[in-house]
Structure formats: structure tokens, C-alpha cells
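The structures considered in this document are given below.
In the two complexes that follow, chain A is the common piece, with chain B as its partner first and chain C second.
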Partner chain A sequence: MQVNKRHQVSPYLVYFIVYNSQVGVGILGFQRTIAAKAGYDAWIGVIVAGCFVQVFIWIMYKLLEKADGDIVDVHSKVFGNILGSVLSFIIMIYYWLASVSVLLGFIEIIQVWMFPTLPSWIICSLILGLVYYCVSGGFRIVVGVSFLSFIFPQIMLIVLYIFPLREAHFTNLLPIMNHSFNDMFDAVKNSMYTLAGTEALLMFYPFIRDAKSSKKFAHLAVLFTTLLYTVSAIVSFTFYSESQIKETIWPELSLIKIIRLSYLERFEYLYISMYLIIVSALLALLLWCSTRGLKRILKKKQKNFLIILSLLSVVISQLINEQFKVVLDKYVTQMNLWIFYGYIPILLIILTILRRRKQNG
Partner chain B sequence: MANRTLIGIWVTIFLLSGCSLIPTNIVNQINMNQGAGYDWAGKNTIKGTITFPIYKKDKPSTTEVKISLGETSKEIWSNINNESRYPLVSGQLRVVLFGESLAKKGITDVVDTLNRDPSIGSIIQMAVVDGDASELLKIEKFKTENVSLFVQEMLDQSMKSDNLPESNLQTYLFQFTQNGQDPYLPLIKQIEDNIKIIGIAILKDDRYVFPIFMEDAFTLKCLVDKYKQGLQRFTLENGEMVVLDNLRSKVHYQVKINKGRPEFTINLKMKTRLQEFTSPKKKRVALDKKHIQKEIAGQLEKNSLKLIKKFQKHGVDPLGLGAKYREHDRSFNKKKWKRFYPTAKVHVHVNVNIKQTGTVN
Partner chain C sequence: MTTKKDLLGAEDNSKSNKNQNWLNRLSKSNDFVHEQTSLKEEEPYWLSYYRTLISSDILHKDVLPFLQEQLSLEELKRIIPVEVIIFTNDPKEIIQNLMRGFLALQMNEDDEQCLLINIANSKFRDVSVSMMESSAVGPQVGFIEEIDTNINLIRKRLPVPELLVIEMKVGELSKTNVAVIYLDGIADPENVNTVVQRINDVQYDHIQDSAYLSSMIEDNSNSLFPQSISTERVDRVAAGLTEGKIIIAVDGSPNLVIVPITLFEAFIAMEDYSYSWIIGNFFRLLRYVALYLSTIVSPMYVAIMTYHYELIPAPLLETLVGSRASVPFPPFLEAFFLEIMIEMVKEAGIRLPFKIGQSLGVVGGIVIGQAVVEAGLTSNVLLILVGLGTLASYTAPIYKFSNTIRFIKFPVIILSQWFGLFGVFLGHQFIYVHLLRLTSLGRPYLSMFPIRTTSFQDLWFRLPFSKQQENPTTIRPQKKRKATGNRENPEPVNDFYE
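This part shows the complex of A and B:
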């Protein structure tokens, strides 16, 4: 499917979109989950997971190049209209569930760290109001917000590592590779989810002008986020002791607690507020992908889906309880692993075989 | 068009009133808790002391000290809240003191609460009081001078430019949770109307066991901190007295495993500056730099070994030798280490370098 040139974006912007899709609330707490089994060797797992994501990017580009469209086109080409629509629908649901999971994570942080008494629906509607405004402006606005979410918080994300590094105990990381293969695999699996998000490419591919040349930017972005996550893991690992990190829910946020400025005693208020930029950009991207797909599958206006999904998110955020949240997170993680690291490569193989047959026949 | 303006105005009103939806704390309608002290009151109860400043128009600020009994620290908190005009908030907490009686029973419960509260920073000072923490906070002289700020700044100053090793909530938590290390905290005492740092409290797990007094603090600080300033007097064999100011010291721990048992070599390199030199001959004698350096190094080695022997005798490990051993042994086992520690061989090599001798030679 061809998209009007007016709606397309330059290839280098893919860097910012991919970066934005990968960095969410995960970076604030993934250090604990990856260290749960693999201990302080887990940072190696992040690098390994980064390599997997690079391969995944390559697979996605191959797949989309062959079909010359988004995942909805791929599905309808391979499976026909009806079955293809059903499969695409599942992926759109994944995008939406992922956005809900990010939103709930952020709401929890706001409630624990800043406003313990504020009801979820107020935070949720304020954020989603902003997101609705972004998404209804079209894909170019979403990209613009992605760009901002890279530039502004990036300075803070990296500069703030200086403070904990002053008290770092680098010998904490020794001895290296002291865990079994299974433990390491667990760390890789958990980092895969924190590094997830690149699958948004499956929807926005047709919106890139001269898409082939954007490949290197996507790979670069993944390289950058992998390094960012590795550095973040190492900073936390050298700052906390191993049993301390296992009971800290948001190691990265707790790092911020050591910063004290004479005019600002509690720095994390600023930090969490700044995180709104990152989170709303990510939500905008995920909701854009989801609604764009639904629009193509069901042939209705994108805005309608956006309103429906946003309202559903608000309702869920208010009604959900702790138990259900754990289940949701688990489902999203599993879906992400199975759909994008199991199903998409198979899809590529099927598509290649079909193409070959067509050429031969 | 008019319709849109109306919507715009409506949204603005909604958002502005949204500010009242979000909970606020007005600065002159809260009591900002700056210092807290905890003592053991017998029968599972803790005596908590909380100080906060009271600001009044056109008058110097005064410090209010409130005392209450309770079984947990937050219960004390709410008891004190019941007798104050404005709600207490903890975002400005600077210093937490533990009375000797409580420190000997264990301070984990209180520290865990401090760590759990997101509004408390992790670089707040903690100290053990030789005596009663509430008595110390109640000193009449400090009614007009803020006692908690006084203690915090005194400790800060001593850690930066004197012989107290660096410690705060984060270092305490790190050392406490680190496998193979025990924490230490500053030890302060009320002497008549004054507050004085008298040494360092060595803790076993979370219980205060014995003090290291100020004359050994210099040696301990050299062994645990990177490079800091601090003065120390040395008396040489021939009666000459030398005061050295540590400019930069670096300590390096080497671990060798000999027949399954760890052996430690501590290499300490110091760059110092000579500040005072007096001779019993009552006349100016030439400085024999090499001789002084060697003799002081010998004294420091002896002193360090004496300290380490003391730690080994009590089974406490503030130097973190266990953690260092763990870095080098993949089959580290806490039980095994506990058996090894009292008899572990430790060698200390000190290298003192007098860089400057002031303006005279």
C-alpha cells in the first residue's frame, strides 16, 4: 500500500522512533527483574538481548520490503483477507495491551512517589488527553513527539549517572560469568521485554520515505538503546549490593534519591515529571500503531478507535487490581516473545517460499 | 468558530481547576521534619524524638522538639502528628540518630522505614549517640540554632575534610546488605551543652558492638575510603612529633587463595603534606624526610593490624574483606567464610609520601 508523500517522514527520523519505542518505564525497574536469577552477570544478558533485537530488525525489514507495506498487507498477502485480518487484529490488540501496561506502570510510579492519594483515572485521563492530541495530529506529529522525547530527557538520563558513579563499587561485578546457562537465559529473556517495542516498525514502515535507506538508522537506534540499558544496569549494579537490588522496586528511581540540590531537596519529583514526556511519546506511538491497524482492518475512522481505546484504558486503569496487573504484564511479555520472536520469522519464511513458488510457477 | 473558543475556555477552566484535584502541601502549613532520634524504652517500645523548625514572621525561627513512645517509628510519627498544629512531612529529613540502647538491639526496623519512604533521600546522615538521642536533641542551647542541621553539617564537614569515614543511609544499606561486610556509623556524644564526634560505631549486622575512637579513625578511614583529607599526629621514636595532612590516599586489596583459605594483602599509598613538626630538643632540626616516611608507614601498618585483629576478634568486618574474598572465589560460602575470618591472614603495606612541607623546608 502506498502512503501519500505528504504523510511520510525522512529516513533518519526512524532512529528517534525506534529509540522512543524501546525506552519506557521499563528502564526504571528492569535492573531488578534481570538480576533476579542471573545476579550481577545480568548485564551480559542485556547485550545478548540487544543482538537478538538487531536480528529481529533485520527480519522485519526483509519481511516488509518483500510485501512493500505494513503487517496488514503482509497478512492479507499470505493468508488471504479474513484469516489475515484476524491475525492482524491480534497484533493490534498487543499494541494496545502494551500501551496499557506502560500506562499502568507509570501511574503506579506517580502514585507511589508523588501523589499517593490521587485516583488513577485522573492521571490516566490527563495523560491520554495529551496522547489523543498527539495521535489525532497524524503520524508526523507522533514522530515529532518521539524526537522531543529523545532530545530533552536524554541529557538528564545520562548526566544523572554521574552522581551514583561517584559511589560506585565496580568490583561488585566480579566474578564475571558465575551463573549457569539457565540463569543467564532468564536474564536475556527479561531484557528482551525491556528492549521490546521495535515491533512498531511493522506498522509505520510505509510511512518512511525511501524506506530502504532507513535500515541503518534503525540498527543504530537499537545499538544506542542496548548501550543505554547496559550502562544503566551496570550503574545500578555497582551502586547497590546484590541483595539490596533484589528488594528495590525501581532501582533507577532510587538512584535519583542521592541527588540533593540546595534549591531542590527532592530531585525525583522533577525526574518523574520529565518522564511524562517519554511515556506520552511511547503511548502515542503504540496507540497510533494500534488504531492505524484497526482502521485498515475494519475500514472505519482512526479517531473513533482512538477514543474507544483511550476510554477503555481509563476504565481499566481505575478498575484493575494488583493481581490482574501482574497477569497483564505476564501476558504482554509472553505475547511479545511469541509473536515477534517466534511468529514473525516464520512468517518471513512462508512469504519467501510463496514468492519463490510464484516466480517458478 | 465560536464553538471552538467555547470548548477552549471550558478545557482551560477544567485544567486550572485540575490543580485543586492534585493534592498540595503549602509550605507554611506543614511541619518539615528535619531530624529524628530513636531510643529503646523497654518492653518493645521505642522512644522517638522529632525536631522541626517553626518560622514566624519578624522573629528568629525556633526548633520544636517532640517526643513520643510507640512500637514502630511511623506510630511515633502519627502520635506526634496528633499534637502538632500542621501535618508533619518527611521530605526535609536530614539526620537520624540512634541512642546507644536501641543501636545495641538493632536498627533495621527503623532503617527499613526510612528506605521505604519515597520522600526521604538516601544521603541523609545517620549516627549512633553515646547516650540518649532524645537528650541530645533536646539540648537547650540549640533551641534557637537548628539542632538537626547542626548535627548534619558537623558530620558532613568531618567526612569531607576530617577523619570520619564517609557514611549515610545509602552506604549503610549497601554495607548492611552486602554479602561479607558490616556497616559502621559515626558516633557522637553530648558533652555538657555541646555535641561532639567521638569516634566510629562498628556494627555487627545491624547491632552496635564497639566504638573506634578518634585516634584510630584516621587509620580506619585510610582503609575504607578512597582519598580524603584528614589530619593525624604521629610521635616518632626519638620523641619528635609530626602532624600529617592526608592529601590523597589509595587503598588496594589483594586476595590470594592459599590451600582453600583466603589471604589478604592491603596496599595503602598515601600522599601527604607535613603540617607540624616539633622536636623535643627545642630547636630547629633538619627534616629527615625518608626516615619520617618510613617510620610513619611502620606505625600505620602496626595500627591497621591492631584494628583488624580487633575486628577479627569480634567477628565484624567493616573493611568488607568477605566481599573482596567473594570476588575471587566462585565457590564463596558465607558459613565457610565465617569460620575462616577470625584467623584469616592479613598483611598491610603502607607507603607514605610527604609531598609538601608547607612554606618552610
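This part shows the complex of A and C:
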């Protein structure tokens, strides 16, 4: 399906979109989950996971180039309309669940660190109101917000590492590679979900002008985020002791607490507030993908889906309890792994075989 | 509706008593003069004019002496030394021109043929220093309320035939002269068409100012942000034209409208170009900081004092808390009332005559401010912050824009009272998304994204003239480059380089 040229964006902007799709609330707490088994070696797992994501990007580009459209087109070409729609629908549900998981994660952080008594539904409606305003402006606006989510918080994410690095014990990282393969695999698996998000490309691919030339920007963005996550992991590992990091839920936020300037301290308040920029951009992207897909599958207005999904998110945010949250995160993680690292490569193979057969026969 | 018909509709006239009709309609007014030059009923000429619209000087010196010899109207047209003379029998045109200060000359009272001579008395103030957009150095001249003079000022700066003017009349009752001015070959024809189309679509009784028109044709009239720049500086208009912008001049308004614009153009002062590029840049960046600061200072105070006082280190917090120890209000009320008070002082200062306004500033600013602190109603620190914020908002080179900036902080203050720092960033993200969505003539308003190299040359920054080679591309000018050569600094002549 061809998208109107007016709505398309320049190829280099893919860099910001992919960056935005990967950085969510994960970076605030992934250090603990990856270190659970692999300990201080877990940062290697992040790099390995980054390589997997690079391969995944390559696969997605191959797939979408062949179909010249988004995942909905791919599915309808391979499986026909009905089965294709069902499969696409599952992916759209994944996008939405991922957005809910991010939203719940952020709400939890706000409630734990800043406003313990503020009801979830209020925070949720505020953020989703912002996201609605953003998504209803079309894809260009979503990209614009991604752009800001790269520029603005970089100051916080990178510059603030200087302070904990002053007290870093780099010997913590030694000896390297003293964990079993299984432990390392666990770290890789956990990093995968933190680095997840690039699957948004499956929906926004047709919106890139001259999409082929955008490949390098997507790979660069993944490289950048991989490095960012690796640095973040190393900073935490060199700062905390191994038993400490296993008990700190948000190592990144606790790190920031130590920063003291003559006029400002307790940066985490500023940090979490500023994190709204990142989270709202990510939510806008995910909800845009989800509603765009639903619009294409069910042939209704995107606005309706956006309203329905937003309202559902608000309801879920208020009703859900701690246990359900864990279950939801688990499901989303599993879905992410199976759909995008299991199913999509198979889909590429099927499509390639189909194409070959068509050419031969 | 009926009154409108009476005032305007010449359509219902029957052909036979056309002449009688316009005479009857106009002579209802007491300042309408209809008289004969000779005493005999059959002899020429009949004069009709509005006494209040014409210049009797021109009438006596340039027109009446020629009427002694009883020439035909055609001959008169040739010899009367006035530029605009129209020969017509169309009653609509006669009425229209009489209303603009023309003299209608007839052989007989019943004649349909009529010679219209322009003897209008146009009294306007002289061209003078621009009041709202003053600058310390650089050209000072500003536009005035008369459209022809304004176009004259522009033409003097850009004496090329490519400078085109499209004239229109807008307003059912006011019949305001509107001119759309652009440089042919540079301005995007699509933009010109859009502007002309939108002005043609305006249906409103009266246009008193260019602001009426600009808000009628802008893309989103519900936005706080002006999507066009209204300026009274001639140099800004001329510079805009060369970049492919379109100017709308409205008769009776000293402010000319520039479209399409981007947000950052509102931060540009023409003075930036009068200094060395380094200093020009410094002031431009200072304005960015100041305007951002003025939207964030009071909300931050409210957020931090209400929720996050941990952010402030203990020694500084002591000062802060100490200054508001005796204040009985929550920070929100304290900040809100002080902000409102400053707005009141500003508003009263504008409404009052210049001299009183000045002394009011002293009373409002210093006396009340001091007294409020001494009475323990607000803290010293807040007074400083609010004062700073207000001062910062006045650094905007475009007055309308500084109003927007000052208004924005009120919703943000309310958000910060409810949600602390989170609210501040929520408000700012909303504004950012709004700016992203905004367009000016269909072109993106926030030129921040997609990034264009031309934005670095002369929009966000102001590089030296040798580095400003291209016109800003956001509005798609047809002429890409504004400099053909590239003169660098000559190598210094001294022993070191020999």
C-alpha cells in the first residue's frame, strides 16, 4: 500500500524513531533483571542482544522490501485476507499490550518515587491525553515527538553518568566471562526485551520516503541504543556491589540520587518528570502502530481505535494489581520473543519461497 | 439586512433614473455637496462631493479655474492637472469613488455621464520611528496607517519590477484596501494563491487592522501562538520579501503581516544583524533562554515549594523557606496572585497615557511589590523570580509573541500545583506537540524538525554573512541562494604570514 507523499518522512528520521522505540522505562531497571543470573558479566549479554536486534532489523527490511508495504500487506499476501488479518490483529494487540506495559511501568515509578497517593487512572489519563493529541496529529507528529525524545533527555541520560563514574570500581567487572552459558543466555534473553521495540518498523515502513536508504540509520540507532544500554549497565555494575544490584529495583534512578550540585540535588525528581517526554513519545509510537494496523485490518477510523484502546488502558491501569502486572510483563516479553524472533524470520522464509515458486512457475 | 442593502445595493436601481438615484441616496447626508457653478439652470457644471472628504485646496487651485470656459468633459479630462480622472456613467463606480473623496462633475444634473476627479484629502501622520519594535541601532523607520505610503517604503528598499502588489477590497462596509505583496520568482506561487484565496473568502463587515485579517486567514485560529508576524519595521518586511515571504498590507494599519513564518522567526530581532555575528548570536540565544525561563520560573517555584523541596540543597532551602516563613498562603496562591498583579500593572500601564503609565509602573512595581513582601503576603524570592520572568518575557522582539509567552505560564502554574514537576513537563510537552501540529499556510510552524541546514545559517543562529548563503528552505522559496560570491576575511598582512 502506498502512502501519500505528504505524510512521509525523510529517511534519516528513522534513526530517531528506532531510538525512541527502543528506549522506554526498561533502561531504569533492566540492570537488575539481567544481573540476576549472569552477575557482572551481564553487560556482554546486552551487546549480544544488540547484535540479535541488528539481525532482526535486517530481516524486517528484507521482508518489507519484498512486500513493499507494512506487516498487514505481508500477511495478506502470504496467508490471504482472513488468516492474514487474524495474524496482523495479534501483532496489533501486542503493540497495544506493550504500550500498556510501558505505561504501567512508568505509573509505578511515579507512584513509588514522586506521588504515592496519586491514583493510577489520573496519571494514565493525563499521559494518554497527551498521547492522543500527539497521535491524532498523524505520523509526522509522532516522529517529531521521537525527535525531541532523543534530543532533550540525552542530556540527562548521558551527562549524569559522569557523577556515578567518579565513584566507580571498574575491578567489579573482572574477571570477565566467569558465568555459565545458561546464565549468559538468561542475560541475553532479558536484554532482548529491554532492547525490543524495533518491531514498530513493521508498521511505519511505508511512511519512510526512499525507505531503502533508511537502513543504515536504523542500524545506527540500534548500535547507539546498544551502546547506551551497555554503558548504563557498566555504570551500574561498577557502582553497586553484586548483592546490592540484585535488590535495587531501579538502579538507574538510585544512581542519580547521589548527584549533588550547589543549587540542586535529588535529580531523580527532575529525571522522572523529564522521562515523561521519552515515555509519551514511545506510547505515541506504539499506539500509532497499533491503531494504524487496526484501521487497515478492520477498515474503520483510526480515531475510534485510539479512543477505545486509550480508555481500555485507563481502566486496566486502575484495576490491575501487582500480580497481574507481573503476568502481563511476562506475556508481553514472551510474545515479543516468539512473534518477532521466531515467527518473523519464518515469515521471511515463507515469503521468499512463495516468490521463488511464482518466478519459476 | 435591509440597512445593508440601503448602504450598498446599487443593484436594484432601474436604468431610467439611475442618476437621480445615486444623487438622492447620497444627498441624505448633510456633508454631501451638490451645487452648480453657473447660475443658469441649463449651463454646466454640476459638482458633487463630500465636503469632509475632499481637499478644498486642490478643488480651488486645480479644478475650479478650468471650469470657467465651459469645455466638454473629455477636454476637461485632458487639461485638469490631477492624476486620477475617470470618465464613467456607472452609478456604482460613481458612488464608490465619491466615498473615497472624488469629485463628480456633470454637464447637466440629469446626465448619466460623469467625470470623477480625485481631490481626496488624505491626512495621515508622517512616517516616524517605529514605536513597538524599537532598536538601539539600525534603521528606525516604521510603517504608518496609510497603505500607499507603506508600499512606497517597501518599494524604496526593493526597487525591482519583480515586486508585485495584488490589491483587493475586503469588508462589506469598510471596503478596506488590502495589498498582498511578494517578490515574483522568489515567493512560492502556491503560497501566494493560498493567501489571495483566503483573503477573498473573508466575509466580514469591517477590517480595522491587519490583525483582523491575519487571524481570519491563519491555519488554526484556536492557537495561542501567532501564525504570522505583524511588524511595523520596514527592514523586517523587506528582508522577509527577499526570503520568499508574503506581506499583507491593510489600509489603516501600521502593522504589516508576514506569512508564512516559523516559530523561531519570532525570536529574531533585526538588530541582530547590526552587530558582529558573535554578539548577534549571543543576544539571539539569550532571548531563547529568557523566553523559556519566563514560562518555567514560576511553575518551577510552585512545584518545588509544594512537592519537591528535597531538590534544593539545605543551605539554599533555608533561604527559600526563611523568606516565606511568615507567608500564610500555599506557594500556588502566592505565585498566582503575584503573577496576576504584575499582569494588571502591565495592562494598566498600556491603557494609561504615556506619562502616567510610567509613574504607575513605579507605584505598581516598586511600592506595591515592596509592601506585599513587608506585609508578609509573598516571599522575597518569589518576587525576584516573578519579576525576572516578566522581564524575560519582554525580550521577545514581536510584541504579540511576548503576550503568548506570558499567558502560557498560567496553565503551567496550575498543572504544577496539581502534579509538581511532572505537571510542568506535562504542560511543556503539550505545548511542544501543539507547536509540532501547528502550521503557517500549511508549512510546519516549528522549524526544529525536520532539520534543515539553512536553519543554522540564519534562523536558530545568525552566522556571519559570508556563511549565510542560502535562503531558509522551510517555506520553499523558488530562489535558493541569497549570496553568489563568498568573500572570506582577507589574510592579515603582517610579518607572520610573509
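As a convention for this text, the second predicted complex is superposed on the first by the 360 of 361 C-alpha atoms of A that agree within 3 Å, B and C clash if a C-alpha of one lies under 4 Å from a C-alpha of the other, contacts with A are read in each partner's own complex, and residues count from 1 in each chain.
One rule holds for everything that comes next: a residue touches a chain if its C-beta (ideal position, glycine included) is under 8 Å from a C-beta of that chain, and two chains touch if they have at least 3 such contacts.
Predicted model only: the values in this text are computed from it and were never measured.
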State whether A:93 touches chain B only (first), chain C only (second), both chains, or neither.
-> neither
Who wins on chain A residues touched, chain B or chain C?
-> C
Mind working out whether A:258 is in touch with chain B, chain C, both or neither, as first, second, both or neither?
-> first
Who does A:115 touch here: chain B (first), chain C (second), both, or neither?
-> both
Considering only touches as defined above, state whether A:328 meets chain B (first), chain C (second), both or neither.
-> neither
Thinking of the overlay built on chain A, is A:178 touched by chain B (first), by chain C (second), by both, or by neither?
-> first
Tell me which partner A:3 touches in the superposition: chain B (first), chain C (second), both or neither.
-> neither
After superposition on the shared chain, which partner residues are touched by A:36: those of chain B (first), chain C (second), both, or neither?
-> neither
Is A:126 contacted by the first partner chain B, the second partner chain C, both or neither?
-> both
Identify the partner contact of A:266: answer first if only chain B is touched, second if only chain C is, both if each is, neither if none is.
-> both
Find the residues of chain A that appear in the contact set with chain B and again in the contact set with chain C.
-> 115, 118, 126, 260, 265-266
Touch list for chain A against partner chain B, complex | 112-113, 115, 117-118, 122, 126, 167, 169, 171, 174-175, 178, 239-244, 254, 257-258, 260, 265-266, 268
What does chain A use to touch chain C in their complex?
-> 9-10, 13, 110, 114-115, 118, 126-127, 130, 133-134, 137, 140-141, 143-145, 147-148, 260-266, 269-270, 272-274, 276-277, 280
The chain C residues in contact with chain A across the complex are 307-308, 310-313, 316, 419-422, 424-426, 429-430, 432-434, 436-437, 446, 448-450
Chain B residues touching chain A in their complex are 18, 21-23, 91-92, 118-123, 170-171, 173-175, 177-179, 323-324, 327-330
